[in-house]
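Below is one structure, written out as structure tokens, with a few remarks after it.
For clarity, chains are labelled A, B, C and D in written order, and residue numbers in each chain start from 1.
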Amino acid sequence: MAQRVLEFLQRERPLALAETGSHVGDEIAVVHREHLVEVLTLLRDHEQMRMNMLSDLTVVDYLGQTPRFEVVYQLYSIPHKHRLRVKVLVDETPGECWVPTATGLWYAANWAEREAWDLYGVRFEGHPDLRRILMYEEFVGHPLRKDYPQNGRQPLIRRPDAPPTDDQTTRLMPDSHDRRVS
Amino acid sequence: MSAPTTLPSARPVAHTIAETYDHRGRQAGEMPLSPSMQQFADEAERLPTDELILNMGPSHPAMHGTVRCVLRVDGETIKDADVQIGYLHRGFEKESEAATYTQIFPYVDRLNYVSPMLNNVGFAMAVEKLLGITAQIPERAEYIRVIVGELARVADHLTCLSAAISELGGLTVFFWGNRAREHVWELLEDVSGARMTHSYCRIGGVAWDLTRDFDEKCRGKIAKIRGLVVDIRKLVERNRIFLDRMEGVGCISAHDAISYGFTGPCLRACGVAYDVRKDHPYSVYDHFDFDVPIADGGDNLARYLVRIEEMEQSLRIVEQALVQIPPGAVIVDDPLIALPAKREVYNSIEGMIAHFKHIMDGLVVPAGEAYSFTEGGNGELGFYIVADGTGRPYKNRCRPPCFYITAALRQMILGANLADVVPIFGSINMIGGECDR
Amino acid sequence: MTESSASYVPTLLQDAVNWAQKYSLFTYPFATACCAMEFMSTMGPRYDIARFGAEFPRFSPRQADLLIVIGTITERQAPVLRRVYDQMPDPKWVMAFGVCASTGGFYQNYTVTPGADQVIPVDVYVPGCPPRPEQVLDGLMTLQRRIQEHRGNCQQDIGNTAAIGYTDRRKLPVLQDGTSMTLLPDERLPQDGRVR
Amino acid sequence: MTSSDPPVPSRPRSATIILPPAPPPPPTAARAAASSTVKPPENRDAPAPVAPNLAATPVPGEPTVTLTIDGETIEVRKGTNVLEAAKLLGRDICHFCYHPGLTIAANCRQCLVEVEKNPKLQPSCQQIVGEGMVVHTESPAVLEARRAMLEFTLKNHPIDCPICDKAGECTLQRHYMDHNHHLTRVDVAKIRKPKHKDIGREIVLDAERCILCSRCVRFCEEIPGTGELAMTFRGDHEILDIAEGHPLDNAYSINVVDICPVGALTSKDFRFAIRAWELKATPTTCQGCATGCAVELHHKHENAYRVMPRHDPAVNGHWMCDEGRYTYKELDADARIRHARVDGQQVPLDHAIAAVAKRLQGRNKKVAAVFSGTSTNESNRALDDLATMLGAERFVLGRPPGKTDELLRDADKNANMRGAIAAAGAAKHEGELGLELAGRAYDAVIFLDGTFELSEVVRSALGAITSVCLSDRVTALAQACAIVLPATSWGESLGTTINRQGRLRVLQPAWRPEGDRRDRADLIREIALALGERDLGSGRDRARAIAEEFDHDGLRQLTTTPAATRPTLLRFSHSRG
């Protein structure tokens, strides 16, 4: 059934698709960033699609590849019971690390995009308030990036006589990606 | 009950306009005021009052210790709210990237710590989808997964209801629900060895078989649980205070609920019969006869009723599964996926090497990515796994149902009374470990 | 009154006070995570924590003297915990419920505080993930023993409270703005040294 | 030759100066160091130990052979074997006894393949490729033979994985999971053999784990030529052993631990230190001597545990010396300098930089800049720029010479003496510096490294003048200097050295520097900025420039993409060879 979705996209928006594919039964469509909102709107509103639920939104960090980030949208249509995974490739350079927001299409995009920004540092242009959501405001860097150390704690308070820990925060180099706040 | 495929029309959307909405769920101006009341109201309008910023949580008992609501209240009415989560962000994804696929089960247990078995099943199915062995899981293992999963769902709903109602003052319900949950936990402890955090599933099946006396014990417990649920319903469903605080409070329309990404009981309480077990039958759920309860209105009472009914349906599934369950193996017979028997491990170098490589390198999952979704305690529990061909996932993303439901909390409490935050928050059953991961 | 009796009487008094305190613990359950489920069971009908005189959860720290840290403490949660602790009047005790509250458990990463004792002094650590209710009750009895022996952290801070009335009021925390969370016990004195 | 050497102490001779009191070296040694540091070592062509087996990659101008492996036709060098040819196709035929750096024994029978028009299965390591040969590496007969050979090999293998140092990087484990994964069928008792026998200075033998591949025997005969090891007895009682009174103590003995496919031979230094799957590996260059062998630094977090050779046909082949393996002890975490010190007081780094600038400023100050043969080109060149700014005199110092042989060990124990001299240009030597310092010839002196063994007279003279030392660990010199700036050790810095052949060798950072430790070039850049001079550029910029200058692709990639410098987990690594 989901195969129909890809055929539909290839018929309706051939230029917007970078590539389409299928893996272990999941349909995947990689979309150019400039066409993202247009494609998502089409998928949500068109009679044959009716993808009225943004099931999930996340980012994958392929460190060392270019473009580095992959923003992944999991769409679901409750009336038609079909799914589609939409991907957008984003470069890591601070100027380019952004995606147009989908908050105008689904309410769910609001918090999901805030989380993606918080943990991966991918900006969502046009988001009403792009704040950190899981980490605290004082936190520096984006913890789920592959180059952020797993023990990179940034404690807010400590007892003066607290037991020693194995934080790696003190070893983040000033010029390294970990400290970069984009 | 047949699952309607088209969206039923929800009750008139009143919650979005905070001004014309009063927390009883009636449109303003519906009930004319008596002259004396009117005069009092006019004077009250002339009174010089100003708004107050109220900080609810994170260490507020009704906020489950992990959510902070910064409320702007005018008297009792909530004018604006900022819901802040993340107080229980435990780095599930970062930990998963450093752990083998089998080592992730304990972390998965602690996502939705009220129904760990369901998370176990969901994650195991995601990895099996990547491995392409979904069809090879032994029948008995599938049935065991269904049984323990549905029992966990019962425990989940019991916890949600008893906690929510006890926050409304009904402490008896807390104790009775607690007793019923202890029955479920006894069963799961017999099976898995742990009361709460079971880590019972394995990739390719379950860790070991059910206990010998599980059948009759389970039947007895089911009867006990049914009785306690009936007691709870008797206690609250005709209770005026309970109804006043649940009915028409925290409404959300079906359209908004879907747009917010609601799933599970909270969505079905809006009249949308979306249940993964019915719409995309996984495991052996197509072998059972059960209904998807839906309620109309999407308010607290609807969520309560849906949960009550779902417990009954889950118990029905368990009863049918106990009858249908076949004998046989409980994990796939593949030395590259299943661990060897301990006897082999201790007595032969072959078993030792196999065990060693399983534990240290993890079972190797071919490179690729998959999104697998199951019906968790709070709705569609999805796992999006990106594998790089090693024994550890490159990325392991959990699609938390609670996260998207909690995102709607602001809209649901807008315009409500301050006291209504507690039942609304209680009825959406926010689980910190799952919401913040 | 001779010197010996001057120290002897307060000691007797202290024992009596400790005895009274250990059987009337007002708990503040700082419940954040999974362990809260087991805490519900501990309070529930089967394992009845009321049998140990600690059944009464006070959800205001100002009325509690036993802070039970239930569940994982993240770096974001730590200041809140510290503030709750500072708002509790002395004498007060802390129980770390579960390994997350004790050491961070198997969450050794960028966001989880490795143990509540990074933020507040802890009297009793209850291992387990989550601990069984029996363990919790055992931990509670251990704490009661420590209270009777006057070995709680805050008890050692304050010293023999019975010697000067009930409580050395200067040891009470300054309940003021958010900065109180970072105040050390000796910084908690009011500026002018006035004893309130 | 090498077997007559006295035993090497377990720490390198002049590499680490352990915490005080450090005995002052005899002036003779200092003068010897001086004599060794003034003139660049002659660029003698020191080739790597020749590998007897041809690589399969065809070389233009040499005869080639075309054969078919599993249906794929490929053209390979004439004279190579089927196993190497299959490697070109990405087919890793499992084997135990074959090692590309050693002669072929074909006694493990694990690499059997099916060659058409051949009655029996052939060992692919010994089967030289022929024109038009058709090989099957996955046919049922081959798979069955592999499985049976593994079962046979495992028959007497002890159940040691939990206590075995090789576990996790063990070839036997890997091949079992790949090719056998059947449970045992034998229930007779295993043969008992000597469990832990001390067979040499560095090595302990566990004869039960040995699978009799004879790699170590061939290594000792062919590479150092000492031949201490031998196989004795017959059948399932055959064991690896040494001759009575002739322990395995040549200068390259630990290589047998690397090439041992199982945990039979373990190094005393590494055994029971840490499990292999907890280590991360960073490809870098050995700093033990001027040879500059390609090595991997194995570390967990910021503690180094061992150094293992990397294959580099141009420099060191598959091997390295025992002496070089112990250079990781220079990275000892206890001796690290994490913060700057000014007159014995620990201060923030920027304060220390400001102090350096303040004391160096002022005209007609005579400054001495001491280049280091143990530091990277980047830091030496940065110091060169600073010296020109200050109009400073240049000196080049290094470590005293040590043992040498025809194989890999070089007498010059400085990894980068050529680079240092090239950067410094005209240089004086140490004794002269000492005299001039004693005569108050200089107001300030900057040491690029803290590992020099200075004579008593110089160190006493340092007290009177402004002395700055960029050191990564506590040494006698660092303690004698007034200002100590925390520099990164070779385990933490990205840089280059030039070895005795004049080749560019690359250093990679294995972990993040702790505290205020910075690359030397960056520290000197800060000093220059504090002096109000021009920006010298960071060490990474210099490395990029050097990459262009030497046209070095790997270094170019390292300097452009930081992700390239991330260490890789050993968890899934395969045994060498």
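Please note the rule applied: contacts are C-beta pairs under 8 Å (C-beta built on N, C-alpha and C of every residue); 3 or more make two chains touch, one makes a residue touch a chain.
This one's a predicted model, so the numbers in the text were calculated from it and none came from an experiment.
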item	value
Central chain (distance from its CA mean to the mean of all protein CA atoms)	A
A-B or B-D, whichever has more C-beta pairs in contact	A-B
Chain whose average C-alpha position is farthest from chain C's own	D
Chain centre separation (chain A, chain B; CA means) in Å	24
Between chain B and chain D, centroid-to-centroid distance (C-alpha), Å	54
Mean-CA-position distance for chain C and chain B (Å)	33
Centroid distance [mean C-alpha coordinates] between chain C and chain A, Å	42
Junction residues of chain B - those touching two or more other chains	86, 89, 91, 94-95
Interface hub residues of chain C, defined as touching at least two other chains	76, 109-111
Multi-partner residues of chain D (at least 2 other chains)	none
Complex contacts: residues of chain B adjacent to chain D	335-336, 340, 344, 346-354, 356-357, 360-361, 390-391
Touching residues on chain B, where the partner in the complex is chain C	58-61, 64-66, 86-91, 94-95, 106-107, 110, 113-114, 159, 163, 174-175, 178-179, 181-182, 185, 195-197, 432-433
Interface residues, chain B side, partner chain A - complex	5-7, 84-86, 89, 91, 93-95, 98, 129-130, 132, 256, 258-261, 272, 274, 279-280, 368-371, 373, 380, 382, 384, 386, 394-395, 397, 399, 403-404, 406-408, 411, 436-437
For the chain A and chain B complex, residues of the former touching the latter	23-26, 52-56, 58, 60-61, 72, 74, 78-79, 81, 83, 85, 106-108, 110-112, 115, 119, 132-136, 143-144, 150
Chain C residues touching chain A - in the complex, by the definition given at the top	75-76, 78-79, 82, 108-111, 113-115, 117-121, 181-182, 184
